[in-house]
């Protein structure tokens, strides 16, 4: 980007004990394009200040609420006030905060799920469109270079006509009722008031949905869901299995769990076409398998020149040469890089390169909410297929 | 077994170009308990004779049909005639041949699927029961030592209360219409007259079903199926995805494919319980992962003393010490060993040790046929769940 | 082979508690080309008879010594007496028994190491040459199809000019002094009188040496050894590390251990050339990696048509289609198949196909003994390099 | 650290096309404890300015030489001038720049190898000691959490008495003479004037040496080296194999290569003790295998509570929960975190927590130079063992 300065970021959420706010700050900072200069880290002013000290943010710009943040930052000069706000609060606050920030003229990066309902998501989409501002949604897994490579391999037709998709996201960390033993993470994720109507389906099912649609370029058209709550007393689903149909006759399965005991973040996808198949695992993300029944399996390895030749997006998304493993934060940071470059171009009065625009948007956020609602609807029905509308 | 001689086996099927007949002969022979002494290897007498020469079977005992085999073998003295018949013909012949052999007093080892329909399966079960003879069904994958270990770990309660099962059997070898380019294997497997009403679901879905029921000790009670034929002109399904419910509230997915391009024999299973989870892959069968969210993953390795201490069945099913990989034929041979030891005990007038009885029977064969019919029924329905009756 | 009968085999050694005799019997029997009809399973006649009952060998042909076996079998008619003798006794008996069998006109299959010294090995080579008989040495690891594929890939020049070889065989089973707690296997393997002057170097170092020379087609010309006995009171080395030089300027490392705690049979090899590199692991033997720095890694998978097209030897050495794992016994059996086909051709008065001749011979056995002696010699020296002569 | 501000860093080197300078800037920045505020990115002022624009450093503080940087920064007020200097130039400049920075009172973080000779290294050690300043050396691989876990597992005695170490660092990227086709990386790394007397041994051999000494807590006492230059015309070694002896009778192998065609950054280590063995691979760094011959292999997975309970250093070195892979930059950043916390404590007038002191120092740098010189010396000798002195 030709903007000759770092973008100024505010963080809402991310107070003590928060996992994802800290990841946002590290990822945003990594590439030297963004600096964290303000925050409303907690609704508890003391906690917000404590977090501000850890983040080394100027105490003057540590706020006790998002409303205060918006108000005070607007009063600052253009040279000083934040360019964009990152929202990492519990899910139920995403929508009101995003709306308020956009209305105040701040660009936004929002954690997923974007809102609590599809209705809210559509409303937010309207706000974003009217505002003309840059809105990014943190579906971090599509930031992995090998995911971008996989998408481009599919786009270039190397898999032939797509036929089948298997996507999974098994976790085991909610095998026991951790929400009852004081885990903050488990607490809000299993609380309908803060997480929304879905548990595992919302938290990680949307990642599986987003990854499969991103890679195939196809939308899920209908699905058949079987969701469960295995841990007694838990108020949201902790396991979900779906038969799915995509556009163009592609079929598949999507399954997620938080009681898959012993699994960590086993997001993985297999896509089979008439010419080749592919396989990718989030926990070993630097490798992509491309295979057919006619010759040796090909293992593509991140960071090599041949990767960039095949996929400019994958090449651009790698910081390190081959053999130096990149991980979760780098994928996360790739979303920020594209968001920042798009925003930087905007602020510099330039057009963003199409490669910069490769980050999740409000449309992805809406797809996620539609997915959640379709799964919940299907799970209640006795009929096999439930349509997923756009 | 204390029977002081080798068991005499006849092979029906297994002529030139057959894959599974050859595997049966090698597996049966491996442990020195069985000798192949007769066969009706093909309906074409010249081909049967040619196969007989390869198998080094006495030409006097190479027959042109199973009827002839039964008739002529019955005329031989008890010291000479075969003890049992192995049936490896295309599927549609399993039932009539098995019935005829049993009625003639021969014990039987039958390839799966056992029959073409559940009705035939029930009829055969009645014949077996009336005959009092030993009947084995070749569900070879349960012959793997680490599968037996997994079953015993579950039986001993180490996984806690079972919750979720994911079982898959992806293959890619029918990605193209191989049946139209002269592949004998592809030919009969995609022909309803020879294979029955199901393709992938019958050929490999039954393996997935059998493996999951064997390991969990639980029966599938209902399922929701989505089956497809992706290759144009193919007459049977080449892909199938099912949501499944087991007894005791266990839920899961079962999916198989013959168009999963680049997959070979990717039979694999994940079982999650309240205490631990497990994972096993047929293509790397000497290892079993046991894991939870509280400590390191444990990789159990075949052939070690601690395996036999945990599971007598797994210990018994290993021929080689740790680190010397065992594979498909050894698993296959383990079914024969237990079948042979059970039969040998019978012939010696002794009781079979319970460990010997650990081989698939006519009941497993019936479960397989019920599974196929339930899947096909569900696939036609618009309602979500279809019961699988016993 | 066009010999219209099974070859008749006698087994010397392989009594109760023996590991390798049992493997020989299973491997020899698997393909239906060989039947075990006689044996001197133990020097203790009662134990020999007991083993004979397990092997279901005619008690008339169970002998109390190899001398008796030779004498009595020679008295039998040509139609009855054994064609060849397999020797699986402790190492120190290989030489005298092999010599006696050859002198009596029996073909021989011998376990490795072939003799106790290079001098004996040369003497045995002379006996074999004079006899004109078929002599096989059981270096089983070169029986793996993917090893044959690797050799042919190298022969065809795909790796370019070879540069570096790393070969290892770590085991951990002698981490503690098992020889003092009654382990029969550990007992003779750590006893110089029965095993020879080397421990790990003899038992598994020779496998590493044989594998590297077989694959590269190059001989080790000199080496620099560092051998150790880590377990107190043990009389032979249990660990050995060597720098090695091969013909044509190829360099490398060869290291083995029996105190590599937690390793099982970690035989593995990496060969790097100017065009490509390769990697193969015995414990996951159905896969071969071929790689360079310019494109994706290629994983060749056993049992596919493209394997046989690249390497007739590898194609011939596979019994099962892709995805059905083959293991140690099948590799072992492949040595027997080639030995049997060569012997069968001989007995049928035909020439053996070159593919049949692909089994280890007395020359490999001599290389092994030279390797052991060179390592021991080097280990004693203060100079860096010790030549390994032919 | 209780220093209530970010540390100010200057970067020397890291101009256009440099790999490692960029990694330093990202790693230093990631955790929000350090800001890059000045640099002499290249000796070419235009290039230095261009790099400064990319790094978004104030043009006033982008210098044309390290001398200028030191001079101008010293003139700044204490509140403004840099706290420390990171040196990422080609190897031959490390020593003079480090010395000059230390003499000017700046703390230093230096890329490895620390100097060109052991003599320089000793001189630098004396300078560091006299200065009383904080000096860090970027041996990044010891920054991996699972490496710290492994070290602590060994320290706690879980492996028993150590016996054998195998450490390797194979790369393939210099398989061809890339230095002749314009690769900047290949150019200086194969140039004795800029890299020193060793090629692969210096560049990556020192990593293998450092990792093995860090993990075992033992020093290499003597070694026997065989080094080669396989690519014609190359002026430094591109392959090296060593037998090594450590203190306390531990033996092993250390081998590295830059012509191991198809390998990327295959740094890996196996350590065997009387009670257990361990295995770790840099390319899949989130997992550590602990194994013995008595029970299942244990796979420890980064980011779990049980990791931090076993090793406070490993717990502290993880940013992300289990299943979110961390990689090379995070390990790198861990060195910076400990360096920054130590420096921050110093500047705040506090004592550094021992955990903060866990980063490589001038002593590690000297060990590396001694290793290089010992290997080169050994490679020239005809005697087997060459001592490595402290």
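Chains here go by letter, A, B, C and D, matching the order in which they are written, and residues are numbered from 1 within each.
One rule holds in what follows: contacts are C-beta pairs under 8 Å (C-beta built on N, C-alpha and C of every residue); 3 or more make two chains touch, one makes a residue touch a chain.
Note that the coordinates shown come from a computational prediction; the quantities given were computed from them, not determined experimentally.
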item	value
Which of B-C and A-C has more C-beta contact pairs	B-C
Chain at maximum distance from chain C, centres defined as averaged CA atoms	A
Between chain A and chain B, centroid-to-centroid distance (C-alpha), Å	44
Cα-centroid distance, chain A relative to chain C, in whole angstrom	55
Intercentroid distance (Cα basis), chain C paired with chain B, Å	34
Set of chain A residues in contact with two or more other chains	173, 263-264, 290, 293, 297, 301, 322
Residue ranges of chain A in contact with chain B within the complex	159, 163-164, 166, 168, 170, 172-173, 175-176, 224, 226, 228, 230, 239, 241, 243, 245, 251-253, 255, 257, 259-264, 270, 272-279, 289-293, 297, 381-385
Contact footprint of chain A on chain C as seen in their complex	290, 293-301, 304, 306
Residues of chain B that touch chain C when the two form their complex	4-6, 19, 22-23, 25-26, 29-33, 36, 53, 55-56, 171, 173, 263-266, 282-286, 301, 303, 319-330
